[in-house]
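Next up: the structures, one after another.
Each of the two complexes below includes chain A, the first together with chain B, the second together with chain C.
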Partner chain A sequence: MGTPPQEPSSGTRYAPWILLVVILAFPLLFPSRYFQRTLINIFFFAALGCAWNIIGGYAGQLSLGHAGFVAMGAYPTALLLLFYNVPPWVGFLPGIVIAVGVAFLLGHLVFGLRGPYLALSTLAFGEIVRILLLHFRDQTGGSLGVTIPFKGTSLWKLQFASEQPYYYICLVLLGVCLYVTYRVHGSRMGYYLQAIKENQDAAENLGINLAACKVKALMISAALTAILGAFYVSYFYYIDPDSVAGSDLSIKILLVAIIGGVGTVWGPVVGACILVPLTEISNYLFGSGRAGASLIIYAIILMIVVLFSPRGLITLLPGGARSYRSE
Partner chain B sequence: MESVIPSAAKRPESLPPLLAREGHGTTDSSCRISLGLKEMDAEIVLQAIVNGLMVGGVYALIAVGLTLIFGVMNVVNFAHGEFVMLGMVMTYLLHLFFGMDPGVSILLVIPVMLGVGALIQKGLISRVIGQPDEAQILLTLGLSVLLTNIALLFMGPDYRSVKTAYKLSVWAVGPILFSVPRLLAFVLAMAFSGTLWLFLTKTDLGKGLRAVAEKPEVAVLMGINPQRMHMLAFGIGISLAAGAGSVLTPFFYTFPSVGGLFVLIAFVVVVLGGMGNIPGAIIGALAIGVTESLTSQFVALDLAMLGVFIIFVLVLVFKPSGILGKGKVY
Partner chain C sequence: MAAKETSDREILEFSQVTKVFGGLTAVDRVSFSVRKGEILGLIGPNGAGKSTVVGLVMGVHKPNSGEILFNGENVVNLKPHQVVERGICRTFQVEKPLLNMTVTGNVLVGALLRTPDRGEALERSREIIERVHLGRVGHVLARNLTVQDRKRLELARSLATQPSMLLLDEVMAGLTPREIDQSLDLLRKLRDEGLTILIIEHVMRAIMNISDRIVVLDYGKKIAEGSPQDIAQNPAVVEAYLGKKGARDG
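Right after this comes the complex of A and B.
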């Protein structure tokens, strides 16, 4: 975990460090599995939101198909473990290679498009991945998905009976995603991406290689997303095409970033801290069987954010507006 | 159709015994049709084309609405499929409670949705017109998630069907079979698309819509109120989608996320025909219907949509203005 990029300079200087210590100590102090799981979910979605944010937020290239990259990380990890006993520590690597390769091809194919055309083609990309996973059922299990049998706690196989190891692994992954975003945020590339977001034609006239820059951002984003996909299957032990490559997941990834604060380092964390507990509350109130309730709340929040606070809820936090570089 | 959010609450307490399933599913739950080339005789091809055209007619009605909204308002309506779903749900309920035939309820669904669409335009969409593309994409996406999940909350995820007397009737013309509900859907869809075309070309109101689509600033000078035209366009657009939903019910299941199946097809059709181009959308829809039908007949049933999406991405990348070129609303 790096330091936050811009701290409020008031007496709250030490607050982030205290918060970090609390987060690190949480599983030791509170043995409740339920709260640990909720936090793991927050870390997981915050990390996915960060990964999406690099291309969708900083570069402003809305991707509605990021779940495709989650699947590219999750499926190879699961299948290698299941059929060849390759541990997830190694098994996640092919997924990254595939995701980065596909991102390279996809980027060159679609980044000539703008606005709704780009959004539509990424939506179609996610659907293509899902349909292919459903079709090659001899390899992927089709709509039945892949189940990883639990064979006792084993660090090597990344299987643990308790939640704590997953908690720390997911926290580290979130840290990695935040660190990468932080590096992009402060780099020349970050400025290029922001220029592209503001005005592509002007950016091109300034000599920025639009295609190369966007493709590079997508490749970074895809690699991080694939790693998180590998974590997903290691933690949930089960994947199917609808859960890891469905458009619902793609939309949820984008919601986390947009509701929190698009194009900021900490926005997705804010978004996940709002959305995941909301899911839990709505599951508690309405029952998890009626999953519709939480998504209704998300949709309303999304529409409110778009209409009234398009830079995300992070701007409502003290010092939050400073997350944007141009302020 | 359950939500896919990996909510912690859904993870079973005792993972190993519940989830451990050796190997993974190779059992076929869905059938797979893979005809050999030798069986690909003229009759089967013709039958596949006829089936494709009939479904394509319904796609046309959905896509015409989408392309009209884009042409007049420059808004891509990501919630379009959900209005198909609303039309299906209304038709289902009218049939359930009053025994109304879908062919009749479409006459109720269309005016109701016309009003609903005008209100949605005035209350929501008008706020993002002229803003960056992301705003309208995200707003209509939010609307889509909202409508799907409201339906899910009230209806549950079950697949429901409208059982009409003619549900399974078939007309045989020589060796070619026409399913009556599909034929009815095709005829109604084409009739409404044709009516829209007459409306746009023959009436003052329709000409006003076209004027706003082509040159909004000049239209204003001619005394046309663009806000009203936007309300009209959005109302017509989604009421046509809902009407398509009505005629789909006799041969397609009604369920909350059904819109997702149609919205992508409608986008493909609209892009293929050129965004904002109504005849383009009709021709594109028929072409996509036939492509889908031929792919499922001769390649694999579950790859039908793959062929459609690949065409979509290729058209987007190499000819984003559409096969028939960009632009006119009539």
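Right after this comes the complex of A and C.
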């Protein structure tokens, strides 16, 4: 506020569009499946980070159980396809309804809590989902998980032999998550969420309905997360309770946002661009035998970010500080 | 001083309100009312229950007994945000700024209560910021403000919610005499524009100067009510402030 926004230099003005073209053309220019997979992973985690960011970043309500919502999107999609032949692009809808409904109930239960108590209860939420999936093994396959058989390329079943269609689908999903975040960022709700993060007593005394506002943010976040869960199973053809409802996933989601920059539209994208390649490098260096190595690397990066760039790595990019609201 | 012309309609009625915290009766069967368009001073020694009164009106505390009527509606079961929506807003004795937002951002959050339109809210915020003399720090993060400016921000933010009644909990503490005069001018102007104000203040010069009427609390009980002149000469009030001996010697 006060000072007029600086005119961006022509370089920064065109850079996003050039980048978009490069990203769109990438699968056509580089047929390498490996690079395409890595980029899909980046899109996927960036999108999850965005979804988490709405409640965890903007509203500052730390959720350690977001994987639970991924599972709520993934399992119904997988089971409906497997048992009733419902295509994923219809089958993802019940998952959204479930996730939003659960978010509504969960929000009213836990948002009376603050700080570490809230974080712990969301951690418990994720674990409850995971344990329920393990328990109802007749329906969910328990710890064996659910495998979707690949029966040849089919647009109907969203099954493709090549990576390209998944690449573009995931890119669109990321676009949706970014757009929703962008809308929240500039709206009354965005200001209210930030006020809640800053000081709940003050926020309430400015007429903000704390419970309603937080629950609404959680519902939006859960819906987006569930859609991404549906994509996950369509892309990987396999889910089990540990991979889609485990705390490892929950923590990776929030790391993407925190490392990139919480409460910004693009922060999670920056975070994913760093975390996903690092995971790849760590897997290459240490092999799958030491799968935990990537977690150590996450921890180190997190410490570095918290110590030296607590508002996220996005602030180090040119113009990155402007990702935060100017007033 | 000629009696101010105030409408006799009562905007806020406190009737027989009691609030007990554990074994402590913070507010004990207190009754008073605030008339529309007046400035009512609420004074009393430390721990008299003044801030509790504010908390009770706002719905932060629920009274153990008694009624609080705002425009005829019992508000004791409302939550703070619902009370604000109905047109009462408070400032905090210990300021609670939204630290990582600018002054404008802080006020904007309040203004958004009455309009979802950011541009309109921003315009209103800027007007209010000018009125409370915060214009020079509009773009400064609230965490970097001086205590005086934080007090002003409390007032600005509350005004942004467009209240019909304002509860001011020590907004003048720490201000210089000149700044106090500035604040008093502003409050009078706001009153003349139709705002009803309940003000808690330890700066006696300010409260005696600006209040149309004064209510005095001591140990949770109302011990006096009347015009500033009456209150200044009331033996019970003098005793509450100075003690029995002080009152005798004074």
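Note that the second predicted complex is superposed on the first by the 315 of 327 C-alpha atoms of A that agree within 3 Å, B and C clash if a C-alpha of one lies under 4 Å from a C-alpha of the other, contacts with A are read in each partner's own complex, and residues count from 1 in each chain.
Throughout what follows, contacts are C-beta pairs under 8 Å (C-beta built on N, C-alpha and C of every residue); 3 or more make two chains touch, one makes a residue touch a chain.
Bear in mind the structure is a predicted one, so any value in this text is a computation, not a measurement.
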Exercise. Looking at chain A, does chain B or chain C touch a larger number of its residues?
Worked result: B
Problem set entry | chain B versus chain C as contact partner of A:207, first or second or both or neither | second
For this session: Would you check which partner chain A:199 touches, where first means chain B only, second means chain C only, and both and neither mean what they say?
Result: second
Exercise. Does the superposition put A:13 against chain B (first), chain C (second), both, or neither?
Worked result: neither
Problem set entry | Which superposed partner A:186 touches (first chain B, second chain C, both, neither) | second
For this session: For chain A, give the residues common to its interface with chain B and its interface with chain C.
Result: none
Problem set entry | Of chain B, residues touching chain A in the complex | 2-11, 15-16, 19-22, 24-30, 76, 78, 124, 127-128, 133-139, 141-146, 148-153, 256, 260, 264, 267-268, 271, 300, 302-303, 305-306, 309-310, 312-313, 316-317, 320
Exercise. In the complex of these two chains, what residues of chain C are touching chain A?
Worked result: 58, 79-82, 84-85, 89-90, 92, 96-102, 104-105, 108-110, 112-113, 116, 118, 122, 138-139, 157-158, 160-161
Problem set entry | Touching residues (chain side chain A, partner chain C) in the complex | 1-3, 186-188, 191-192, 194-195, 198-199, 201-210, 325-327
Seminar exercise, completed: The answer for chain A against chain B in the complex is residues 34, 37-38, 40-41, 44, 60, 62, 64, 82, 109-110, 112-117, 119-121, 123-125, 127-128, 131-132, 134-135, 137-138, 140-151, 232, 236-238, 242-243, 246-249, 251-252, 258, 279-280, 283, 286, 288, 290-296, 298-300, 302-303, 306-307, 310
